[in-house]
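One structure is given here, and the rest of the page talks about it.
Naming follows writing order (A, B, C and D), and every chain is counted from residue 1.
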Amino acid sequence: MTALLEITGLEVRFGGVRAIAGLDLAVEAGTIHALIGPNGAGKSTALNCISRFYDPDGGEIRFEGQSLLRRPPHAVAGLGIGRTFQNLELCAQSSALENVLIGMSPKLDGGNPFWPGRRRRAEDRRARETGMALLERVGLAGKADTPAGQLAFGQQKLLDLARALACEPRLLLLDEPAAGLRLREVRALDDLLVQLAASSAVTILLVEHVMALVMSVAQRVTVLNFGQKIAEGTPEEIRRQACVVEAYLGRVTDAVG
Amino acid sequence: MRAVWIALALAAAGLVFWMPLYVLYVANLLLMYAVLALGLDILVGLAGQFAFAHMAFFGIGVYTTGLLGNRLGVSFPLPMLAGAALAAIVALLIAIPALRLRQVYLALTTFAFAAAAQWVFHSWDAVTEGSNGLRLAATRVLAWRIVDDRDAYPLLLVVALAMVLLRLSLQSSKLGRSMRALHQSEPLALASGIDARRVKIVAFGISGLFAGIAGGMLPLFNSYVHPDTFGLEGLVAILTMIVVGGLGSTFGVLIGVALIGLLPEVMRDLQVLREVVYGGLLILTVMFLPQGVAGAWRPARA
Amino acid sequence: MTRGGKPTVIRILAVLALIAPLFAAPARAFPDGAPSGKYSDPGITDTEITIGLFGPQSGPLRNFGYDPMWAAAAWYDMVNRYGGIWGRKIKLVTDDDKCDPTTLNTVVRKMVTVDHVFLLNGGSCTPAAVSAQEFVTREKVPFVMLNAAGDKAVFPPTRYVFGAFGGTQLTVGGTLIDFVAKQLHFKRIAYLGNDDDFGAANLAAAKFMAGKREVQLVATERVPANVVDLTAPMLRIRQANPDVVVITAYPQPATLAMQKVSEFGLTMPIVAAVQSVPNPAALFKNVNDPAAFKNFYYGSPLNDLTDGPGQQWVLDMYKRAYPDRTPTAFMSYGVPSAQAVTYALLLAGPNPTRESFVDAMSHLKFETGIMAGPIEFAPDRRDAHNASIFIKYDGTTSTRMPGVYVNEFRGE
Amino acid sequence: MDTLLQAFEGGVVTGSVYALIALSLVIVYKSTDVINFAGGDILMASCYIALVLLVGWGAPYWLAALVAILGGFVIGAGFDRLVLERIARRARGQDIMIAAVIATIGLSYVLKGLVRMLGYADEVRSLPAQFPGRPLFLGNVIVLRQDIGIVLAASLAVAALYLFFRFTKLGRGLRATAEDPRAAALIGIPVARMRMVIWGIASALAAIAGLLVAPKILMTPDMGIIVILALAASVLGGFTNIPGVIAGGLLLGILENLIGLFVSTQAIAVAPFLVIMAVLVLRPQGLFAGAARMKKV
């Protein structure tokens, strides 16, 4: 069985620093795969390479067998890869629903921008229904008309997730979804992700610091340090390989509690 | 309720038709400014890009329309549409290279282009009559000749209304949504599958199209045009309109056009302070009222 | 917008239908040119005649029109103190046209259709004035330009527009060459002008007069108004080795040119147009080199130095009207147009119409006591004035050169 | 040949002034991502400050010049502190490029309007040359003392700026802010204050350029238009590459004179715009930089 996403020999250098040094990574379809490691280990950089925000200096990234590196960043969503952002990126002045509709862009034809014809109106109606359903799923149905900037922080994170889901991705890249959330919110997110993976057959690549979340939802965990893979396995295996990562895991779990 | 407001606005617009020529001239000007401002706002307010070339596209529209009318006697609205098409094409030709790199390059390239275009209007005597200015023949609509401001007003009103509808349609379309997304967060737009560069180029082109249409409106109620009309000063006036009215909002832009457009009529004595007033309004609005007058009473946009 | 659908449209139509009667009532409630009582034209009653007076009162070009407009107002005021014209006082409606075509058009329409003036007297900048030409022709309103040179407005002549009381740009170019040839007797002339319509017009007249007086333009350089560095054009002029340099450029490039004259140590005489030297003392100070002014002349359409005895009565009139203002050099340029309006109204008789006023203007010829030559119109002539005097200036004293110089070029 | 050299001389002189103004634009852009479209008008306002002191109050030249340079500093720093700072705070991390450009255009208009109201703006004015005296001759090429002074003073200003950025603590802090504001904030540099100082220094630089060039190009409230030439110089130099920008200024000055000499005087006016457009289309990273690296976000 081939992996949904396959990264081989990825290299990224910033100035003289090797942010990612020959990374190989395979994400199997239908799994929740977590990418962990200390600050500056290259987790977010790897994610940014997949979504084509960075041009890597070497290596290859394949999604369903196709090379991503030959595609511009905006084509990635169309291929079925959605992503969220670590530092919230939202259209703060637009309503929650509009944010989701923006995420839906690859799925919409749009019609004639200068004339709201019947087809365009029909598509618009359908898109709004789908968008409302997505908001419902993340528990924001009541906030559809609220400007995103006026939502609480946790709600903004959920909106970001709903927006990323709107392009009906087969692979979802989540960049620290739990960062800044309260414990109760983390638990809700936990349930949501598990439910997502189960119900919509979406594969999730998760970059996360909150170990509780990683350990409870991930089926596979990859540990990065200094841009290199230092361990990989199931959460239990990773926990058992404490000799390799003890210091690091201990520190992080302590910090998060 | 909204229907009543729209009806009242249309009625007021109809009433203007019976006013003295002075009122009609001012109304005609405002209609033209409205199209010009709605166009600039598509670029600045919707797509969040800044460019200096708007008056140059306006000029392309004016000269194309004027020359087609003068020399070939082509009937309205063909010259106007030709002018708008040409303006849009030139806009696209500029945007494609200018949007390759950092965002500021659009501002820089168009700053240069605006000045170069004005130089061309001033110096290409054989076509624009240079700084002598170009006399514009009365516009022909089939067999009917538009001679005064009263004749022109209904046509201008129809054109302006059409452009308002076009703009409203654009705003609620997927393209309009993509522009708003781009404006607020380019990474988000890219991650959502929006081709940021393409949307910027298209926004610039549509903005040029609106400027071109506005340019086609000018010869309907003016008999003469001078290249100085297309300088930085005009851009600042239009910019003040959209900033004060409310960037990104059709309603706001129209309010801004009315407020700033009527300012010289109600406060002619204040004209000594004109530059300070325009400049001050720009600074104070971006400081204290980033959403403009429209945003002040409608804080959110759905 | 998109969601409203048909019901909205129906509701709009319903409201429109409700208020439709409003439209029938005021149909042409505001006629554009309301004649008053027994007179067939607006703006005139038994006791009053209304004149719309305008010029740039603000903006970058304010200087061209502020003092001239108020000087014209002072003249009308004086006429009123002497009893007015045919028993009627002159009532002025004043406004600011900013020298901008759009503003001037707004002002003119307001004066004609709201204030109902009898005639228009205003405009200091040609493009703005030209832009109103079609309107006044259509509405048949006499338009006497204040002090716009107005080549484009008076060539070709049209019935209702009169102007060029200070001479046109043709006058500027033509008289310069006339002076250089007749008074200074030079043959090889270098010409530095603007790259705009003004520059084109004065250069055309200069070329014509050069042919007529059998002198040669050995170099012509046309520079943009906002030029920063005149090294290149002045080098080319130096290379042409002329006997004399003629300058018609705007004040800033003219000053830059004089700086280069000083820098390159050029010794040939310089003859400048009035528009290049609005303030000779300022030019001298800005160049800061007496050597450059050894042989320096500038033209003027006035009959004397701006503070000379020939101008004294205008200065007195202005001072009486505005004791606390200091007039600029352009002040008296505003008066001849007001004089022309006054005399033509006198000639048009006790019951003037706009048409009879225009007819009177078309045969007007008089000496202003202000300008170098007479004001003269004819049925086929709308440019009023065509002469210059020349003044020698060395930085401290101004001396009027003998003679009045005339342009003979009347356009193609 | 003499004519060519003379044109070259003129180009170097005006070019060094363009370079100075361009430098002021570039250090602001590097550290705040704002193109200061009011740069020319800050220059203009500073010159009028000097003029008012000289003519209106009879102040000695050194005092007038000092106050003018300080005035430039205050206008720039004050604009950043009062306006840009506030806009940035309101935007909460969102892109302020549009708002900032609009604000600089507003500033440009306010300054022009205020100067026009002064009463000194009705006619062409000039400031006294700092270096008067008979011109010198290099062969047949005439060189004004003021020209030498301009080039020297501009070089001096650039050198002083270099030393300041290189060797003073404040200068290093400013440089760190310019390179990467986020990193600078992390190591405890007061970024907001640094920005203000950069705006001030850049504006003072524009004021110096104004004082140098006013005797040569004369003063009107519209003299700020010279900023177009500085923008062209900056674009030639790649906008962030400081040595490139200085070279771009000189190149532009020379180019203008050569065009004036060999093409036509009228073409001088359009040359800078064609330069900007050509460079942006053909070589957007500037003439003196290596290949540009695409950064997408």
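Here, contacts are C-beta pairs under 8 Å (C-beta built on N, C-alpha and C of every residue); 3 or more make two chains touch, one makes a residue touch a chain.
Computed from a prediction, not measured in an experiment: that's the story for all the values here.
Set against the Cα centre of chain B, the chain with the most distant centre is A. Ranked by how close its mean Cα position lies to the mean of all protein Cα atoms, the top chain is B. Mean C-alpha positions place chain C and chain D at a centre distance of 37 Å. Separating the CA-averaged centres of chain A and chain B is a span of 41 Å.
Chain geometry summary: the mean Cα position of chain A and that of chain C are 71 Å apart. If each chain is reduced to the centroid of its CA atoms, chain B and chain D end up 32 Å from each other. Counting partner chains per residue, chain C has residues 1-2, 195 touching two or more of them. Contact of a single residue of chain B with at least two other chains is seen at positions 123, 169, 172, 184, 187, 190, 272, 274. Residue positions of chain D touching 2 or more other chains: 94, 116, 266, 269, 296-297. Interface of chain B with chain A (complex): residues 166, 169-170, 172-178, 180-181, 184-185, 187-196, 300-302.
Against chain B, the residues of chain C that register as touching in their complex are 1-2, 4, 8, 11-16, 19, 22-23, 26-30, 32, 57-59, 95-96, 98, 100-103, 105-106, 109-110, 112-114, 127-128, 130-131, 133-135, 138, 152, 195-198, 200. Chain B contributes residues 44, 48-50, 97-98, 100-101, 103-105, 107-109, 111-113, 115-116, 119, 123, 184, 186-187, 190, 236, 239, 243, 247, 272-283, 286-287, 290 to its touches with chain D in the complex.
For chain C in complex with chain D, the residues that touch the partner chain are 60, 62-63, 195, 221-224, 226-229, 231-233, 235-236, 238-239, 251-252, 255-256, 259, 263-265, 278-279, 282-283, 285-286, 288, 328.
Within the complex, the chain A residues that touch chain B are 51, 53, 72-78, 82-83, 85, 89-95, 97-98, 101-106, 108-116, 120, 124, 145-147, 150, 163-164, 166-167.
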